[in-house]
Structures are given as C-alpha cells and as structure tokens.
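Shared chain: chain A. Partners: chain B in the first complex, chain C in the second.
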Partner chain A sequence: MRAFAYHQPNEISEAVKLLTSVEDCKVLGGGMTLIPTLKQRLAAPAAVVDLAKLPALKGISDDGVTVTIGAMTPHAVVAASPIVQARIPALAHLASEIGDPAVRNRGTLGGSVANNDPAADYPAAVLGLGATIITSAREIAADRFFVGLFETALEPGEIITAIRFPVPVAAGYAKFKAPASRYALVGVFVARFADGVRVAVTGAGAGVFRVAAMEQALSQSFEPTSIASIKIDAAGLTSDIHAEADYRAHLVTVMAKRAVTAASR
Partner chain B sequence: MQISFTLNGRPTTVDVAPATLVSDLLREQLSLTGTHVGCDTSQCGACVVHLDGAPVKSCTLLAPSLDGATLLTIEGLGATAGSNGLHPMQEAFREHHGLQCGFCTPGMVMTATALAAANPAPTEAEVRRGLEGNICRCTGYQNIVIAVMAGAAAMHATSAGE
Partner chain C sequence: MGQVIGIGAAPKRKEDQRFLTGRGNYVSDIKRPGMTAGVFIRSPHAHAVLRGIDKSAALAAPGVVAVLTGEDVAADGLGSLPCGWGISDAKGVPMKEPPFPMLAQGKVRFVGDMVAFVIAETLEQAKSAAELVNVNYEVLPSVVGVLDAVRPDAPQLFDDVPNNVCCDWELGDKAAVEAAFRKAAHVAKLSLVNNRLIGNPMEPRAAIAEYDPGKGHHTLWTTSQFPHVVRFLMSALVLKLPEHKVRVVAPDVGGGFGVKQFHYGEEAVVTWAAKRVLRPVKWVADRSEGYLSDRHGRDHVTEAELALDENGKFLALRVKTLANMGGYLSTFGPNIPTNLYAPLLGGVYTTPAIYCNVKVVFTNTVPVDAYRGAGRPEATFVVERIVDVAAAEMGIDRVELRRRNMIPKEAYPYQTPVLVQYDSGDPMGCLDGALVAADVKNFGVRKAESARNGKFRGLGFSTYVEACGLAPSRFAGRLGARGGLYESATVRVHPAGQVTVMIGTHNHGQGHETTFAQIVCEKLGVPFENVDIVFGDTDRVQFGMGTYGSRSLVVGGAALSKAADKVIVKGKKIAAHLLEASEQDIHFEAGKFSVAGTDRVKTIEEIAGAAYVPHNYPLEILEPGLEEQAYYDPVNFTYPGGCHIAEVEIDPETGIVTLVNYTAVDDVGTVINPMIVEGQLHGGIVQGVGQALYENAVYDESSGQLVSGSLMDYCVPRADHLPMMKVATHSTLCTHTPMGVKGCGEVGTIGSPAAVINAVVDALAHLGVTHVDMPATPNRIWRLLQNASLPVAAE
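Now for the complex of A and B:
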C-alpha cells in the first residue's frame, strides 16, 4: 500500500468539497473493495476520503411506499433490520448472503452499488426493484445508473447518500455462489409490483441487466413454469475460470425460477 | 497521524501513517502477535478482531478507522474470563481439540465468541454458516464446530451463574 493523505469529513458538503478540490482522491466506504485494491497497488490515490463519520449516510426508514437505506449502512445491519425484513424480505436475504459475517460487518450498500462489480449482489436488487439512487447532487433511477463494467452514472465528486427502494408486492433473490468468494456466479432478483414484474441478473455479464422476456411472461403469470422455457443468449455473457458463458446463460433461467419460487413463499 | 482508541480495555494512543492496516499496527507496532495474517486478502479470517463488538478482518481495515472505537483482540479475550486465563470459548477449543496447527485459531475463536454472543445456542448449520469467513487449512472443521457449540453453551452457562 502506497502512502496517502487521509480525510474524515463530518459533513457531506465537506466531503464533496474534498473530492472536487483535492487531486487524485478516492472515496472510502466500508473498504471491502478499496482496501484490497490499495494493497495490491491496483489503486494508489494521493488521498482517501473516509465517509464513516457522516451520520446522514446511515439509517433505515420506511414511509409506507418505499424503504430508504443510508449508503454507509453495513450489509449485516440491512440483513438484521426489522424494517427490511418486514417490508422487503428478499433484500434482507440478499444482504445476508454477501461475503461472510466479517465482510458484512464492514461492507456497505453505497460502496457496493458505487463500485458496480459485475458479480456483486446489491446491483441486482437495486435494478430489480427499480430503486432510486440518491446522491449528494441529485436522484438517479436504477435503469440509468448502471452503465457498464465497474461504471456508473456517478460524476466525479458525487457521493451516494442513500438508496430508496419501492416496496414490492413480492420479491425473491436466488444466486449460485462462486464457492470461494461467495460472489454471484449468477444471481437473479425478481420483483412483482401491482403494475408488472422486474427481473434483474447479476454475475452473468459485464454488468447487471434486465430480462424483458421473463418480465413479460411473469407479468402474465407469476409462476416458475412461465419462464422455464425462456433461454438466455450466451453471446456477450462472461466466460472465465469459474464458468463458461453457456453455463451462465443456463443458470440465469434456473436462478430466475428459484427467485420466483422464493417470492411466492 | 495520531489515533486514540480502547484496546483490550485500555485507552491507547498511537502515531500511525494513514496507509497502515490494523493487522500490521497490532503485530508490528503494538507487539500483539496473537492476531494472525494468513492470506492478507480478506479470505481466511485468521486476523479477525472485534471492532465495537463486531467481528471484522483486521487485514482489511485501515488504522484511522480505529479512532474513537473499541477494539478487542485475542489477547484481550483471554484476559476477560477463566481461572487459567482462558476464555470459555478457548477452553472449549482445547477440550474438544478444535485445532490442529493452530494458525487459524485466534480468528476462529474471535468469530465464534461474536457468533455465540448473538446466538446462545447455535445449531451445527448456524455454526458452519457463521464460520464461512474463517478457513482452516488443516481442514479440521469437525472439531472446530463441536468446540464452538460447546463454547457457546459454556459462555452462557458462565454468564448465567454470575
């Protein structure tokens, strides 16, 4: 790890000012990606801005229609939250399946979503639920947020402060874990709303994506059998040491069926 | 920079470079070598410590994050209970032979005590899931699981008797 200057602002405005005025700055959330990256010298920023002391970025609230979670809320807190468990149990379940207990105590919602790892779990829930990403500057719809591999719509100096999740009628998440890392080889989040169904897939490609054919079929009939014959095109999906693209394509349908089953419980 | 925190019950102030891992601070600067570094990539869990009561991997934690916090390491845990200086969970690991080479043991014990504090009577499945972030390369998981279940029972028997 190379030396860096360390800043721990107490206000969001102060954090934004640091990020826009200090050269070569990185934002530190829970550090579960940034710190390993620093250790491998894949990143060597001149300064780190730690968001840990920003109270506005913590906490979970329910306004009856949506559940809003502060960006610096750790996965373990989301998993154990009575609000999330009652209102969007699939989201609590997803959080409880990230990494391992020690990772869940440090890793944060905002950090995961800002990093947009192609195999991360949270992007599937954010896109699957059609959530809104609230930043220091504006609100961004999930459909416009995830741009590509580790790439989002965030501008330099823009910080995620919270994410607002619409409460669905029912939702489910199923993932096939890479056994060593517990990242999603393929993870599918299915959410049923009064006006339709959303299906979001993580792990399979360069970034999280929706599956229109499954959404239409499930909007007609919310049953695992409705999507059993829908095949995902393997072109453009990831092939690596863990799984070939064909296998990932196959897993999308399998995990989607399981997510529908989980949502129906 | 200067950071102040409570380390194993004692107020502690140290001078550290911001780019310092807590595992390095403990081992190199504070001579607390009970916290082990196995993989240094947040996988193995040999470096687990309790930060404000929650188990975290100290190899993936920056020293500045300790400022104002409470940190418990395996050295502090041993000092908290037991006539022979062993915590009930450590005693259970000894009793049930929950270790082979012993390298992963500090992290296993730290994870196990946090698990048992939150769940007084964990099932075997809950213990195995709770230990997902701790790797034993002797692969002696069977006795570790038995030890954690026994240690959890002992921790709560002790606290009930106090």
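Now for the complex of A and C:
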C-alpha cells in the first residue's frame, strides 16, 4: 500500500468538497474492494475520503410505501433489521448471504452499489425492486444507474447517501454462490408489485440486467413453471473457469424459478 | 504431582494454549535489530529470455539497500537448488537435471520464477523500488500441460532436455503384464486426469536471515518442515557455507501439507543477501505470491488398464502416466510421481502383475512436488476408480469385486509385484466395519428419498493402502534418494526429573508436543506437564529429517521410544547401585525402579537427582547425567490403509454435488492420542474432498498465467461444504515399528478422492456416465448431464 492522505469528514458537503477539489481522490465506504486494491497496489490514490463519520448515511426507515437504507449501513445490519425483515424479507435474506461474516460487518450497501461489481448481490435487489439511489446531488432510478462493468451513473464527486426501496407484494432472491469467493455466480432477484413483476440478474454478465420475457410471463402467472422454458441467450454472458456462458444462461432460469418459489413462501 | 498421561489417552493439545491465546512465535513475528525488508521480483511471463535487468532507478530510490539478480548469484559462484532424488529410466540413464538457480539466469520458466531481490529499509520502499527495476524480457511461447509439452513441436524449456522429458521411468514386469492381458477375459480401461493442487497452508512462507560477522555465523528463520535438511542443502550445495556456521530455525509454523518441506530459493537468497548487506533481511510472502511460488501438487494424465479373468480376478494392471514437474526439479519432485506412486498400484489387492510407465515432464508452471499424500493419492485414485469401472462393465457388485481380490488378513506379510512388502493389514476388516458404520444396507431407501426430491444419490467406496513413515534409508537409496531418512531424538531428564525431548521432526499443526509427551509419559512414568518437546532449531536439536510423509510418529516417535529405553537402561544401573541390588533384579514400571520381590524403590526423579549429584554413584563404571540419544532408521515403510465410503447427492438442475455422508474406517496401527488421530483424519479427508469436488489449479494455455491465483478463484473447502464425518480405526499393529504405529497424517487425503468420485459416478451411472474428472464442479456435472442420454426434468 502506498502512502495517501486520509480524510474523515463529518458533513456530506465537506466530503463532496474534498472529492471535487483534491486530485486523485477515492471514496472509502466499507473498504471491501478498495482496501485489497490498495494493498495490492492496483490502486494508489493520493487521498482517501472515509465516509464512516457521516451520520446522514446511516439508519433504516420505513414510510409505509418504501424502506430507505443509509448508504453506510453494513450488510449485517440490513440482514438483522426488523424493518427490512418485516417489509422486504428477500432483501434481508440477500444481505445475510453476502460474503462471510467479516465482509457483512464491514461492507456497506452504498459501497457495493457504487462499486457495481458484476457479481455483487445488492445490484440485483436495487434493480429488481426498482429502487431509487439517493446521492449528494440528486435521485437516480435503478434502471438508469447501472451503466456497465464497474460503471454507474454517478458523477465525479457524487456520493450515494441512501437507497429507497419500494416495498413489493412479494420478492425472492436465489443465488448460486461461487464456491470459492461466495460472490454470485448467478443471482436472480424477483419482485412482484401490484402493477407487475421485475426480474434482475447479477453474476451472469458484465453487469446486472433485467429479463423482460420472464417479467411478462410472471406478470401473467407468478409461478416457477411460467418461466421454466424461458432460456437466456448465452451470448454476452460471462465465461470463466467456474462457469461457462451456456451454463450461466441455464442457471439464470433455475435461479429465477427458485427466486419465485422463495417469493411465494 | 501432575497426571501421567500415556498412550491411548486423549488430553487436550499442549500447544493450543499458546496458539489460541496469540502467543505463538511465527517467522513473521520475529524482529531483529536493524532489520531490512526484501521483495522478490517475479517473472510475469511463463517463458522468456532475460535480455537485461536495469536496476539503476531502483538503486536510487529512497531507502534501497541492494538489488540482487541472477548475475550476482553467478558472480558469487553459488550453486543450484538441489534435487534430493535422482531417478533413472529403464536403461539406467539418469534423469535430466537442469540447474535451478535461486535467481533466474538467462531465462525464466514459469510465472513467478524469481528474477531479482530488492532490499530496502521498509517493505513499502522495497515494493516501490521493485516497480522501478526494468527487466527486459523476450517472451517465448510457453507450454503448461503435459500432453502439449511432449509434442514434437512444443516449446522447449531446456536446450538439453528433448521433448521436455526429464525421465521416462518404469516399474514392474512388462512382459508378465502383457502375457496376462493376452489371456484376460475382460480388460477395463480408464483415462483420467489427476488435477493440479495448491497446498494453501494458513501461514504463507517467510524467511529472515542474519549474519554475525564477529563469529562468521549465519542464522535463518524459515517456515520449514525440515530445518536440518534446509541447513544441509543450503550450506553444502547452494551457498557453499560451512554447516557448523549456519543455524536454521523453523519456529511455530502455521501448516505445511508438504508445501514447506522443500528447500526454496527464497531461503538461500535471504541468507546470502544478509551477509552481503550486513543487515538482517526479512521476506514474507503474501497469499498471491504463495500461489505463484509454493510448490504445487499432483497434475497427472493417466491411461490405466486392468485385466481380469472371467470371475473378476485381477490378472494385471498397466498404467501409463504423464506427470507434470513444472519448470524445474524441486527438492523431491521426480520422486513423487514415480517411487511414491507406482509401488502403491497394487492397492489392497492380489494383482499378480503390474507395470507402470511414468514420463516426468517439464512445463512452464510452478515446480510440482509433494503435497499431502504425494503420489499415493494419485495411485489410489487410479486403482480404486478402475476397480469400479471393471465392476460396472462386468456386472459384478463393486464391493464383491473388491472382496474377491483383497489380500486376506492371514496373507500378511504380503509381497507385491511392485517393490513393497506390506507387513500387516486387514482391509476386509476395515471394509466390513465401514459398511456397517455407513449404513450401506439402507442406502437404497436414502436413494429413493433423494429421487423423490429430484436428486441423484450415489455411494462410493475406496479400499486403499498407502506407504508412509519415510523411509528405510537403504531401500530409499536404491530408489534414488540422495539422503538418509532416519530420525533422531534426545531425551534429557533434568536433575529434578522433568524431561526435555529434542527431536528432529517438526510440529506445524500435527500435535507433536502432545503425542510425543504422551510417549515419554508412558515410557518414563513422568507427569505430562513435566515434558517439553523441542524441535525446529538446528542449534538445539541434534539432527533430523523433519516432518513429511506421515513419518513423525513412525520414525521420530520410534527414535524417541528408543532414547527413552536407553534412559531406562541407564536408570536401572544407577538404581542397582543405590538399592544395592544387581542390575538384572531391577524392575522399572510407572516411573519407579524397584528390586524385584522387595519394597525397595527409587523413583525416576530420585535416580535423576543421583545422576546429576553423583555423590553416591558408580562413577567408575558409569558417567553422570541422565540424557540419551537415539537414531532410528526404519526397516520398512509402514502401510496404513482402510475403507472410505462417500455418499453424495447431486442436484441435476444445477449440477451441485453435495457430500451428505462420509465414513472412514482406517488402520493406522497403534493410536497414541485418539483425538489427534481423529483430527488428522478429518483434515486429511477434507483435503481429499477438496481435490475431488473443489480445488483446481488452472493455467491459461496460451499465456501460461495461473488463472486460479487466489482464494477468490481457488476453492479450499469450508465447513459448510462438508457433512459431519464418521471416522473410526480398525487397527492391526505394525510389526516393525517399536510401538506398532503406522502413521495417520495422509491417509485421509489418500483414501478420499476416489471414494467421492466413485460416489459421483454411481449417482450418475443410470445416465451412462462412467467417469468424472476432478474436481466434479457443478459446471462439469451439468455438462455431463447435457451430453447424457436422458433429458433433465424441469422442477
């Protein structure tokens, strides 16, 4: 790890100011990706802005229609939250299966979503639930947020402060864990709302994506059998030593069915 | 007075107090005055010519003390990293043994090959300076797999090693095997791959060296399983230092599994560098560096054929293997796929004729050497898989076919056609025990239950034997060993009766401090708390060959037992004098020397007191003191074995294999501490299950890059991958070790891969699947199902 300047602001405005004025500056959330990257010298920023002391980025609230979770909330807190467990149990379940206990106690919702790792779990829930990403500057709909591999709609100096999740009628998340990393080899989040169903897939491609054919079929009939014959095109899906693209495509259907089953429980 | 805890008891491990309270002392815990930090620059290319190294910018960087390269090694006239075994082909032509310089000279031959060593005041300065060293590589085509490496047009690693073949080795009576095949009623054939593994000890390798110019004395602290061997190889052969001026310390070491039983270039470089810079130098590998430099294991491609008569009696076994050696010969490298492999192809069966040909092949990969089991898991996998293939093809029950060919208990000692003679064993007894423990008779009920849930359930057997307790020196010498394989122990009884044992084995997780103390308790009748075991320091321990090949208890424990016996013999002489009796009348039991038929007694503490305060002592005929030393060279290997039964459930939708039950009944001879034996079996089985289902070292074929280069991509099994295991022992006593022990460190890893894969194949047999290569990953199983005849029903 190379030396860098370390800042721990107490106000969001101060954090934004640092990020926009200091050259070569990185945001530190839970550090689950940034710290290993620094240690391996794959990143060597001149400065790091640690968001740990920003009170506005913490807390979980329920307004009856949506659940809002502060960006610096660790996965373990989301998993154990009575509000999340009662209102969106699939989200609590998803958080409980991220990484291992150490990761769940350090890693944060905002960090995971901002990093947009193609195999991370949270992007599936954010897109699957049609959540709104609240930043230091504006609100961004999930459908416009995830741009590509490790890429988001965030502008330089823009910080995620919270994410607002609509409460679905039912939702489920089914994840095929990569045996070594525990990342999603394929993870599918299915959410049923009064006006339709959303299906979001993580792990399978270069970034989280929705499956329109499954959404339509499940809007007609919210049963695993209604999507059993829907096949995903393997072209463009990830192929690596753990799973070839056609296997991932197959797993999308299997995990989607299991997510529907989980949502129906 | 504390308790005497002897053989067969299961006290908690003595060493765990310090480990669990953070008071262990590992190499990276050690700090020396004026210590510098070293970083290795490793080749990013699998195969390249070194066109030049410009170190000027690095030398000018802040804090840099020195930058050393292969040219400096050559200029100092230093030797090559030695190979401890020299094998020969059928005509007696010795293996090709190209030099293995500690820093690359002229060429690099694998990703991770060491190119330069940068020393600076701090680790970060060394890392920054390393980025400034400009290495000019001329990249060459590379080859990583054995099948590709032996092709005529393959890239050549060494100019004088045609086709990259280090040695075309063989064992067995080829003509007898061919004759048997000609009259066979059935021939079963199997092609298989034994996947490459990475050992992953919890503690990465590390080394610190210091030079004392006043005494001309070197000290090396290293994460080693055998410090005396490192001292000998490094001093005598690499750095050309007088051995009495070199101290090697292997303090607490966090796991080895074979990875730390080699003499590594890093050890030699650090020791050499410390003298050059006249400062202590420390190097600690990070995990990623370990993946690129810890010696890998396994990596075979094999064709096997088993000839049977019409009743299923094995007539002959023929095996052809290509074994990957990586880019250079490591310390034991060529011995593993030859001498530790082919002699085990007899298994627990009466196969009368066996022939094995092994081509030992260089490739542009990390050197391959011993990893837990080392050769014997590969042999067991071949034998136990092809027995299942034969059973399926001939329509004979797998267990029945094994029984028909098993060596009966009465037939021991049993001479195999492949060198080794098993002294003792009862494979049928282990099989019978395991069949009951695994509730095999109700397997059908469980399989039907799985089927109702849309799952395939399979059962797999592995009845195996291994050879361990390395090794009879004379026998090993005939096979090509360049060193001895005995062990030594000193038992020092202190004046007040406490005991310190100095032993040449090394404890890095095996519980030696507990097991060896129990042997001393049993022998000398002293309290458990009064015994300390010292190991891992060439200045404190007389000599030793270290810990590997399940040898510590078998060979080291035997030396300890012998040394304790010598203490008793001397104690009897002292007691005879003090008790005014004849030596023949002195009886020793439970720590007391008594005159037979009387109540006259001296405790071992009193005898020790008299030995060190010899006022009333037979000084004319006996030296003072109570300390004895013994060396033990075994007369044969030991042959633990047993029966493992794995039960798996496969989800056809995802291809996930879940190990649902695991049963092992093993013959490990006398059990000193059943808790430690159980722990060794558990750990060994888990590593074998890892090979069967999860672990795989994968190289990219075009670039030669290690793709599975971290714990994110290389799957070491975790607790939630495993069921609760049933392990038990069914022991016959070894006939030639002093306590009847056989060793238990590797049996789990040797027996389990075949059991698991046999279970996987059994689960898929109804689809026409006859073999599954390791690891049986979900992707691989799904692909098999895609190609199989039956469509997979949707949920």
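By definition in this document, the second predicted complex is superposed on the first by the 265 of 265 C-alpha atoms of A that agree within 3 Å, B and C clash if a C-alpha of one lies under 4 Å from a C-alpha of the other, contacts with A are read in each partner's own complex, and residues count from 1 in each chain.
Here is the rule we go by: a residue touches a chain if its C-beta (ideal position, glycine included) is under 8 Å from a C-beta of that chain, and two chains touch if they have at least 3 such contacts.
Treat the numbers as computed from the prediction; the structure is a model and nothing was measured.
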- [ ] In the overlay, answer first, second, both or neither for which of chain B and chain C A:V147 touches.
- [x] neither
- [ ] Mind working out whether A:F176 is in touch with chain B, chain C, both or neither, as first, second, both or neither?
- [x] second
Open item on the list: For A:L28, using the defined touch cut-off, is the partner it touches chain B, chain C, both, or neither? Pick first, second, both or neither.
Closed with: first
Open item on the list: Going by the contact rule set out at the top, does A:A137 touch chain B (first), chain C (second), both, or neither?
Closed with: neither
Open item on the list: One more residue to check, A:L38. First (chain B), second (chain C), both or neither?
Closed with: first
Open item on the list: Applying the document's definition of touch, where does A:A46 land relative to chain B and chain C: first, second, both, or neither?
Closed with: neither
Open item on the list: Quick one: is A:H242 in contact with chain B, with chain C, with both, or with neither? Answer first, second, both or neither.
Closed with: second
TODO: Name the contact category of A:A228: first (chain B only), second (chain C only), both, or neither.
DONE: second
Open item on the list: A:M1 in the overlay: touching chain B, chain C, both, or neither? Say first, second, both or neither.
Closed with: both
TODO: Indicate the residue numbers of chain A shared between its chain B interface and its chain C interface, in ascending order.
DONE: 1-3, 180-181
TODO: Name, in rising order, each residue of chain B that touches chain A in their complex.
DONE: 1, 17-19, 21, 40-43, 45, 48, 51, 54-57, 60-62, 64-65, 67, 111, 114-115, 130, 132-134
Task: Residue ranges of chain A in contact with chain B within the complex - done: 1-6, 8, 28, 31-32, 35-36, 38-39, 48, 50, 52, 76, 99-103, 105-106, 180-182
- [ ] State the interface residues of chain A toward chain C in the complex, per the touch definition above.
- [x] 1-3, 40-41, 176, 179-181, 183, 224-225, 228-229, 241-244, 247, 250-251, 254, 257
Open item on the list: Which stretch or stretches of chain C touch chain A in the complex?
Closed with: 124, 127-128, 131, 288, 653-655, 694, 696, 698, 707-708, 711-716, 721, 777-779, 782-783, 794-795
